[in-house]
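There are two complexes below, and they share chain A, which is joined by chain B in the first and by chain C in the second.
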Partner chain A sequence: MGKKKKQTISTTLRYILILLFCIPMIFPLLWMFTTALKDNAAVFKVPPQIIPKEFHWENFTKGVAKLNFGRQFMISMGVSVISCIGQVCSCMSVGYALARLKFKGKKLWFYLIIGSMMIPGMVTVIPVFRFWTKIGAYGTLWPMIIPAFLGAPFQTFLARQFMTTIPKAYDDAARIDGANRLQILTRIIAPMSKPLMTVIAIQSFQGAWNNYMTPLLYVISKPEKWPLSLGIGRMTSSTYGTQWNLFMAADILYLLPVLIIFFFCQDYFMEGLGSMNNTGVK
Partner chain B sequence: MAVQKSIERAGKPFWQKEGFQAYLFMIPTLIGFPLLCAYPMIYSLYCAFCDWDGVNSPVWAGLKNFKYLFTVDPIFLKSLKVTFLYALINVPVTLILGLALAVLLNKKLSGIKIFRVIYYLPTIVPGVAAIVLWQFIFKSDIGLLNGLLRQLGFSGVGWLTDERVVLLSLSIIKWWSVGGMMMVFLSGLQSVPAELYEAAALDGANGWKQFRYVSMPMITPVLFLQLITGLIGCMQAFEEAQIMTLGGPNYASHFINYDIYTTAFTNQKYGRACAESWVLFLIIMVLTMIIFRKSESYVYYEND
Partner chain C sequence: MKNKMRKVIIIGLCGVMGTALLTGCGGDDGAAKSGSGSGKTSKSDAGNSGDGDQITLKVVDWESDEMNAAMQDAFDNVFTKEHPNIKVEIVEGSYSDYGQQMTGMITAGEAPDVFQGGYDMGASFYKKNLLYDWSDKAEEEPDFVDSFYEGTMDGWHLDGKTYGFPGLVNTYGVFYNKDLLKAAGVGEPAGDWTWDDFFNMAEELKDPSQNKFGAYGFDSSCFGIANVSTSYGGEPMMDKIVGTSKVTVDDEFLNQAERVQGLIKDGTLPERTYETANLNSMFEAGEMALLYFGQWEADTLIRNTPDFEWGYAPTPRGSKEKTTIYDTIGWMSPKNTEHPEETWELIKFMSSEMYDTVLKETPVAPCAYADSASVFYDVMKEHDHPEAADAVKQMMETEQKNGIRFADDWSSDVGKVWDPTFNDIMDGKSREPLTKLQDITKKINQIIEGS
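Showing the complex of A and B:
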């Protein structure tokens, strides 16, 4: 009996702690949301109003109109979707070769890919910048898109790890039936790797959507080519004044697509993290 | 069998051979690695020893850039110091916080999944969106934090304008999104076999002892991985400085990555920026190597 009582106390204590930590996690997001619904006068109220007196839903449309949001949203979406497709294809292709084919220099390439994960981005940024500028890609979005088709090291590594766990017998059976290697990859391995492809797709979409550095370097001088990350990042230091309610509204709209993907693919988000030590979260 | 295979191999045209086809599948890496990794590494190493304004070709200048950085440049050493301090605050705090939250949520309770999602939510927020949000929260006049402080009768803090506070403020943003690290720890904790806990319980080990002598050793590989990725992440802080503080006040948030960025793309000193990036790279390498060396004494690998 005493043991049971002790357990109830510890469970209650745990719940209290969990709820306590929820406050700092959720409150900034809540604050963002309520600010987005205030009128400008309410934003400057001291002490701060946690829940606004009236809801100004039109802030969202106003914010959209003010920040050239629609265009930037489309650019971000386009770049992210294309990068996502490119990265899934390239990582699957390279991962397939590394996991299931025999060729000279396989080990070397594998270690080069792993090694390239260790290199800080800033070391390569300047020569890469020089390269894109030389071939006339400065002021375009190509420096964001093309690298996605050249395989990202971490996702290639994930693909390779995943594909080594699929039994080789599938390949052999397909070869006997006359399938070539491309067909084996697209018809047999890829359908069996759907979780892997989803993880790569999510990570690369998120990567492109969040990418701030690359557009900052290549299209900062061309506002008509700004993706949303740059537009949102620059808005507070721009000439739009300090309309924080509109800023917060735009900020919410910017994070919304990622949030939607998260709610539909929660398990894959967690799986992507779990893949770092071969297990997911149960 | 072997004979048959070798006959088969000899009879095939080269484009049907496995070795050739494999290289076709490797094409993305075959282009990507030299273009985005090998060539840039070599070129930036070369440029680190050059004078280069980005317009004309780089001119060999020996150790000039490095001499300048370590003896003349008033900002570089400060930015190194700031970056180290930032990592020194954040790596331990996020590791401990992430692990503590993971332990807290590692229990089958009703509704626990919802709490995991809530804790993980800030990690979903794109970096730029989070920075803009916190910029608003940190505002000294209308910001939420100062508003709450004043409610409680304290005076406001210059979160982003006081050079003694700014690093702490930027760290808070990092702590807010500790959910990602927590999830990795959580999956590590859950992969610890239940038998181990049962055995420990039989030996009379209670909560804390179970954690200290069963969970901790079993998750050291995860801890080790998080230590390295966390450190590398902190050493490369950039967006916070570029969007929120512009490195200020008084260079108190002038991270090394931001210094490289301004040296190259604002001041057009590309050679010097390359030298800085190599200093950063070497520092990261040395730190990683030290952690690897030390790891042998505390990281437990099951397969060994």
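Showing the complex of A and C:
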């Protein structure tokens, strides 16, 4: 068989495989979109309508009108952006310290940080809830915001790994010029760590944006402080049954910000995740 | 080119998001409001507050925005007019995470003055010493307590204490699609139909070639089967609805379980593991002829599908007596309620008079308080469903009422012992005989004794 023919067959097979993997990934989104355009009665029709017979574009406005969309969106955006800033700052700082500074117990601290990832979140829910309640933070957004400034194990690990790939010569050169540690971090390391910061920012934004459990625990009794996750979650629970078409419509609008951010930053994101390959855990 | 395409997509998505935001801000009142009262939350902390001589009591429930608006209207225009020193505000609740919400609020010391709950939640909270004891008030006003439908107060007493009062009662009958019944040549159910009539009808309506069962939603759990069994003279499965001390699975229970097992096997009824989350939506879409479901679906059908030809029949009866499964949703207060006298007046109002106006707007269920129950029946008749009114009234007046769940804290332990074996036996996945259920019942009684 000629080389060109072999290549054609190989390319065709590759695309078929990609298509096969794409279908289960894209189909749920497609179903979500088509459900958003249907009448509620058509959602459960058998056989199911992959393409709606009638397009109800007004479902998007109706779905949004069922929520306090504007307020909840602003709360979600505010908490997510602040969480993003908090995690980037805290993870970069701790990652830099673990990568560059020499102090006693550095390796132990590093292993403790990684080890903390093994603790299931559910185990700490009750003691953490008691803590926030005792200090009067129940009913506020602080339990969603403050932990972002206290670092995150995985992102700290990523930061540490990424910074070990940056030659120490840059630090030394900056030190010779009279820079202190903070200036080295902010003016030398950080600009070189854009992919890393992008990864941390996207992951923290997505985590805060999609967070349902923490608002459920702390602000469920204060509807004026509900983020969009709680507001949209409430659409599926009603004594009148769920209007799935409106829920899907509102949900599509809910996932737009994360989609936009990912579109903006996907190059940096992939580069940042790629830094995991380089040196392994030292 | 790739970058240009990406920019176009990003701009497009931002545009959609911006439009949604503008629409959302414009509709920022969000929840539907009706009446002069607001159904929205209070801005102050949950728990009452004082404003000079007027006190504000907070209520939490899981009802819809429409119902909360009607309730707020009743508070503002009826209750506060009768009690000018008391203002009532509703705090929105989350239906699916309600238990989580109430546990968090009580733990954080921000419990409202009155909150809604099922009788199982009431029993659980009572045992944890979280609820106010209304026993003295109940003794002082026996006429009020005696005015509830027979059996509906059973879920709100324990150890001689009264810790809550029922509000609405959920009953379980059979919705039917008139068009599908007509097409199949099957007559509509009568008000005094029997379990034989129901199962025979379901067998006629099943269509295995189309993967359609004859009837959906039938409660084939131990509670559903116990309900059928008691209508044929069997013993009730639970000796008490709350504070159950003994569970009984007698021969009549096994007879009815065998019958249902056969109906599952021949495709008349769905398996125990059949997904039930969207049955009502499927019924609304005209995908099934018979649906065993709670009466609240009637309000959804009236609102969302006014052209749909449906009917509602009561729980079928057995050869010995009429029985029905029921569930009460009631009102209770936290132990440390600050204004018990005012809260008592509110609880009385919420268990009775409030529904005179609320159920006209949102007829989701009949009221447990007999004098106020007629509102639900009247609304059903106004919407051309006298059969639904009669069905629900019949079920409310049924003397033998059976619980729909275990209401005690050991219920999850019992579920782990009972459910896997029961489900496999009923679905025909296990070779164990039905008598195995009696062996499991002994274990359940041991768990109850040890709790």
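FYI, the second predicted complex is superposed on the first by the 228 of 282 C-alpha atoms of A that agree within 3 Å, B and C clash if a C-alpha of one lies under 4 Å from a C-alpha of the other, contacts with A are read in each partner's own complex, and residues count from 1 in each chain.
Here, a contact is a pair of C-beta atoms (placed from the backbone, for glycine too) under 8 Å apart; a residue touches a chain by one contact, two chains touch by 3 or more.
None of these values were measured; they are calculated from a predicted model.
Look at A:16: by the touch rule set out above, it reaches neither chain B nor chain C.
Once the two complexes are laid over each other on the shared chain, residue contacts for A:96 go to chain B alone; chain C is not touched.
Contacts of A:223 after superposition on the shared chain: chain C is touched, whereas chain B is not.
After overlaying the two complexes on the shared chain, residue contacts for A:71 are found with chain C alone; chain B is out of touch. Applying the stated contact rule after C-alpha superposition, one finds that A:232 touches chain B and leaves chain C untouched. In the superposition on chain A, A:173 makes contact with neither chain B nor chain C.
By the touch criterion defined above, A:248 lies against chain B but remains apart from chain C after alignment on the C-alpha atoms of chain A. Taking chain A as the reference, the larger set of touched residues comes from B, when chain B and chain C are compared.
Look at A:120: by the touch rule set out above, it reaches chain B but stays clear of chain C.
Judged by the document's definition of touching, chain A residues 43-44, 46, 129-130, 216-217, 233, 236-237, 244, 259 lie at the interface with chain B and also at the interface with chain C. Considering their complex, residues 40-46, 60-61, 64-71, 73, 129-130, 133, 138-139, 216-218, 220-224, 230, 233-234, 236-242, 244, 253, 256-257, 259-260, 263-264 of chain A touch chain C.
If you check the complex, the residues on chain B that touch chain A are 18-19, 21-23, 25-29, 31-33, 35-37, 39-41, 43-44, 47, 54, 101, 104-105, 107, 109, 115-122, 124-129, 131-137, 139, 141-142, 144, 147-148, 150-151, 176, 179-180, 183-184, 186-188, 190-191, 221-222, 225, 232, 235-236, 238-239, 242-243, 257, 260-261, 264-265, 270, 273-274, 277-278, 280-281, 284-285, 288. Here chain C touches chain A in the complex through residues 6, 9-10, 13-14, 16-17, 20-21, 23-31, 40-41, 43, 45-46, 60, 62-64, 66-67, 91-97, 100-101, 104-105, 107-110, 278, 280-282, 284-287, 296-297, 299-300, 303-305, 364, going by the rule given at the top.
Residues of chain A touching chain B in their complex: 11, 14-15, 17-18, 21-22, 24-26, 28-29, 31-32, 35, 43-44, 46-48, 90-91, 93-94, 96-98, 101-104, 106, 109, 112-113, 116, 118-131, 147, 149-151, 156, 181, 185, 206, 209-210, 212-213, 216-217, 229, 232-233, 235-237, 244, 247-248, 251, 254-255, 258-259, 262, 266, 269-270, 273-274, 276-282.
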